[in-house]
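Should a chain be cited, it is by its letter among A, B, C, D, E and F, assigned in written order, with residues numbered from 1 in that chain.
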Amino acid sequence: MRVFLLQKSVNLQVTNLWIERGERDLCRDLSFSVRSGELVRIAGENGTGKSSLIKAILGWVRLEEGELEFNGEDVTLHRDVLLQNQLYLGHTPGIKSVFTALENLKLYCPEASEVALEQALAHVQLQAFADTPAAQLSAGQKRRIALARLWLTDKALWFLDEPFTALDVKGVEALELCMGAHLKNGGAIVITTHQPLLHLSPKTVELTL
Amino acid sequence: MNWTWFHKLGSPKWFYQWASNWGGRCVYLGLALMAIGIIWGLMFAPADYQQGNSFRIIYIHVPVAVLAQSCYLGMGIAGFVALVWQMKLAPVFIKAVAPVGAVMAFIALLSGAIWGKPTWGTWWVWDARLTSVLVLFLLYMGVIAIQNALDDPIFADKAVAVVSLVGVINLPIIKYSVEWWNTLHQPATFKLTEKPSMPMEMWLPLLFSALGLYLFAAGVAMWRMQNEVLLRERKANWVKKEVLNHGV
Amino acid sequence: MNYRSFFKAEWLSLLRRKQDTLNALLFFVMVIILFPLGVDPSSEFLAPAAGGIIWCATALSVLMAVEGMYKEDFNDGSLEQWLTSGLSITYLVFLKVLVQWLMVIVPLLIVLPLLAQMLFLPFSALWVVMTSILLGTPALFFIGSIGAALTVSLRRGAVLMLLLILPLYIPVIIFATGAVRAAQLDMNYSGQLAILAAISLVALALSPIMAAISIRASVN
Amino acid sequence: MAFESWSDFWEMGKHGLYVWSTYGISMLLLVGLLVTTRLHRKQLRKQLKKRIQREQSR
Amino acid sequence: MRVFLLQKSVNLQVTNLWIERGERDLCRDLSFSVRSGELVRIAGENGTGKSSLIKAILGWVRLEEGELEFNGEDVTLHRDVLLQNQLYLGHTPGIKSVFTALENLKLYCPEASEVALEQALAHVQLQAFADTPAAQLSAGQKRRIALARLWLTDKALWFLDEPFTALDVKGVEALELCMGAHLKNGGAIVITTHQPLLHLSPKTVELTL
Amino acid sequence: MNYRSFFKAEWLSLLRRKQDTLNALLFFVMVIILFPLGVDPSSEFLAPAAGGIIWCATALSVLMAVEGMYKEDFNDGSLEQWLTSGLSITYLVFLKVLVQWLMVIVPLLIVLPLLAQMLFLPFSALWVVMTSILLGTPALFFIGSIGAALTVSLRRGAVLMLLLILPLYIPVIIFATGAVRAAQLDMNYSGQLAILAAISLVALALSPIMAAISIRASVN
């Protein structure tokens, strides 16, 4: 297996993307780029294909046409380099209900120290629930477990699909702060959200029906 | 060596046109040969000295049983090709041939079962060959079921390829295991392999009907592949032209 | 996520849901108890059939255990996380199957001597049964994992899974029961055991690759 | 010719039912395979034609 | 079985509610009322017990103490009258993925005519997806199927737990309009949401940790 | 939601997922095929055991079908909707079980004659087997539905309860196979059939209530 260096610099070029789902074109000839320090918001109404676009970039939805380039390398066929350098949180963020908040976090961030883990949970206001099974948490608290990963990761490119779902106002605030810090550090973020961003000003990629 | 034929085979358009020429010929020639073989077998071949006339079932039973196995072998190879070289036509082949093979396996079971009643006095025994045909039939049903259950065509292709390939690897194991298992218990009277070798006038019609059935199945498979190609390439210009020009 | 944390999590999650493990075990016990009750409780009937009954029960409960092995991972989005983790799915599948195998087969082997007694299996054949289970069940698990991977994205793929898997289970069962029967007849059974081991090895080598392909295709 | 008369032929020496039912069902299935294939082609052509015309009218 | 008349007038009195979950008091001595024409928003951070409060009113989470009165009848022990007159949409709204959008709606609104069903789907912008299985819809579209029920129901009291989740801006707009109309008609709504309401001014019940 | 729309939806959802139905059927076929393969394919062994084998296969496939019957309703929030619908859960459970029963047992009865042939069950006993299945399986379904309701929320006590419930299958199997054996020996079997019917009736009367209680408890 090849080992890839983690690169904090990001340059993702998406060219002429054509995605189809169930006989409908979701986008055609879509091109955009994501660079270090940039926040790209994929906008569009429900069902226009925002989630599908992210999944297509990650390689689970087929591209009818189009190219992807990550940091100068063509990744259209083999996404390995891209996958090594990104973090994805989707509509269902892979939280196991039998695990406690801490165990869930540990699964995805095995290198983090206990202290770092607890700090990350504190960032999302879950310190008191570290040892509660996820099944016994509220909807927002479950989402927060997944989001805590953002405070621990060293991946450069984040894909966040509706990260604000179920979060309260304070939670949204904290998440935006975290995203801002990541962008300052040379990271890049691709986000979809129907809620307006309060502090960050994104570059927008608009999808239409 | 010139590999262009291989790449051509990978091209749906080329295949479609090739099959337009050959599909019909195979089917009709196959039907004719089969008719000759079967009528010959039913009317003119001599009766078996032990089984009498029930033995005439052989002219459908054996061709169909042999073809059922060949079809699966073909699907397994196609599965391998689909997974390794990602050739576009390979999944099309599997999808088209699976129902044909399933029908063959079913007829083999049915004709064997009906034949068994007058000769063995029972529809079914747990004999090696019978069991392995039953398993083969199940394998076919698996392939068909999975391709029907998946709406996503890309996934369906992958799945079908995986199942065919895994199945074909297991086919010899199944055959061997069943044969080995069976020889422990099965009374020798039921053994299919120790038949007296056939006289020529019984064997020739069998050859005809077998050849005919092979051609027939090949032709039908080509037609089915054409259908699938039309569906898959519906956005290509040549398909649009082909569809519009047809029957004008 | 790395391989170790994945393995630990799998382990932990099975330990947490003892139910799943217990379920397979319970199913096993149930099948074995049903036979004397439903068919014939006499030792003349049971003793020669014992090896076969035990193996049928094993196959059914393995099937039960494996059937939904990726279902939860699919529903809660874990499969997506596997795919974006940059780890080899083939190896993740291997680890997952390994954990499942340990969790189902070890308890099963523990209760086996008792149940074998109830079926009047001669003590001398018990060891062969246990060895055949040890050697043969990996094949059942690995083959089953392909079926489970192919059918995760279907709402209820269980049936397909059965259809796909059953034909492939048959050789394993035949060789395993063959070994037991040979042992009961004081014949040499090492050949069958060797074949069982070989099938398991082939399954171990191929299935994770096939399952990985299927998992990749089913996330979308 | 292995038979004396037509009725002999149909009877097949008491095995008529077996032989004819086998051939009957088998032929039915084979012809069914053929017919469904052709019907599918016809349907497909109609469907695709409609699609293309819809596209062109747009 | 008793048959209850559907009453468009609503008067739900909640008195001295004490709810406990996992050894933690979620609320104690909580009292409020919901009357015809009123929109009551249950506010609070993630995990403060908003969903649990609704579930307690509906009778799935145990009340340690407290009384419920619906239209003058004590329903603390038997919720039948309350249940007959309300509509609840929770975090997971009971959408079957094998059913199409239309079939899903029909299940819950069997009395509605075909025309009414299609209109309701049009209200949530799903007319084009009426015959698509829910499994093949986007996150927001799935939620919309559940929400379409609101246009068809004649129940007086609605409990909406985070109805805006995954909805786009237009969807939120349409939903608020629908809610406004319901309130005008003499209905009442209990809602939890972390997003601000744009057009409606609710009475707030605040929960704290 | 009203009872009719619920019934229609259940029906439709099972039809959609034909797999589900087919699943139980295939499982049934599979168990029946496993026996000759794993134990002994000779008619001397199979013919007397056929009734028992068929009944064991039936019980196992009913268990398989019923086991997860509320799982999906729990996950997608449908159970909550049942509870707020103001309808009687007891009756909803009854309807759901009824649909399940029809969808599983009818196909099973259709393939039974063929499979019975493969097990060399005498034709005279076939009718008794079919009648016993018709009379006995409602009990299996209704009892199983309690277990399914108990396990849906994965509460800790569930395994224990399951252990309590499964033994209830045993009397059904004993009486059913007793009837078949009696028929094969040309003895009177109406007594056993009457008992089967009685058990089913009791189960029909009691289980929906119990299941409804468990469902109520599992939603929170």
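The definition used in the following text is that a contact is a pair of C-beta atoms (placed from the backbone, for glycine too) under 8 Å apart; a residue touches a chain by one contact, two chains touch by 3 or more.
Note that the structure is predicted; figures quoted are calculated from it, not measured.
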Steps needed, at fewest, to go from chain A to chain F via touching chains: 2
Identity of the chain that, by mean CA position, is farthest from chain F: A
Inter-chain centre distance, chain C versus chain E - centres from mean C-alpha coordinates, in Å: 45
Computed distance of Cα centres, chain E from chain D, in Å: 57
CA centroid of chain A to CA centroid of chain B, Å: 49
Interface hub residues of chain C, defined as touching at least two other chains: 17, 75, 154-155, 157, 159-160, 163, 166, 170, 174, 216, 220
Numbers and ranges of chain E residues touching at least 2 other chains: 91, 97-98, 136
In the complex, chain A residues that touch chain E: 21-22, 44-47, 49-52, 91, 125, 129, 132, 136-141, 144, 162, 165-172, 194-195
Contacting residues of chain F [partner chain E, same complex]: 1-2, 4-6, 8-9, 12-13, 16-17, 72, 75-78, 80-81, 83-86, 88, 216, 219-220
Of all residues in chain C, those that touch chain B in their complex: 143, 146, 150-151, 153-154, 157, 159-160, 163-164, 166-168, 170-171, 174-175, 178, 181, 199, 202, 206, 210, 213-214, 216-218, 220
Of chain F, residues touching chain B in the complex: 19, 33, 36-37, 40-43, 117-118, 120
Complex interface listing, chain B residues touching chain C: 83, 135-136, 138-139, 141-142, 145-146, 149-150, 152, 154-155, 158-159, 162-163, 165-167, 169-170, 173-174, 176-178, 180-181, 184
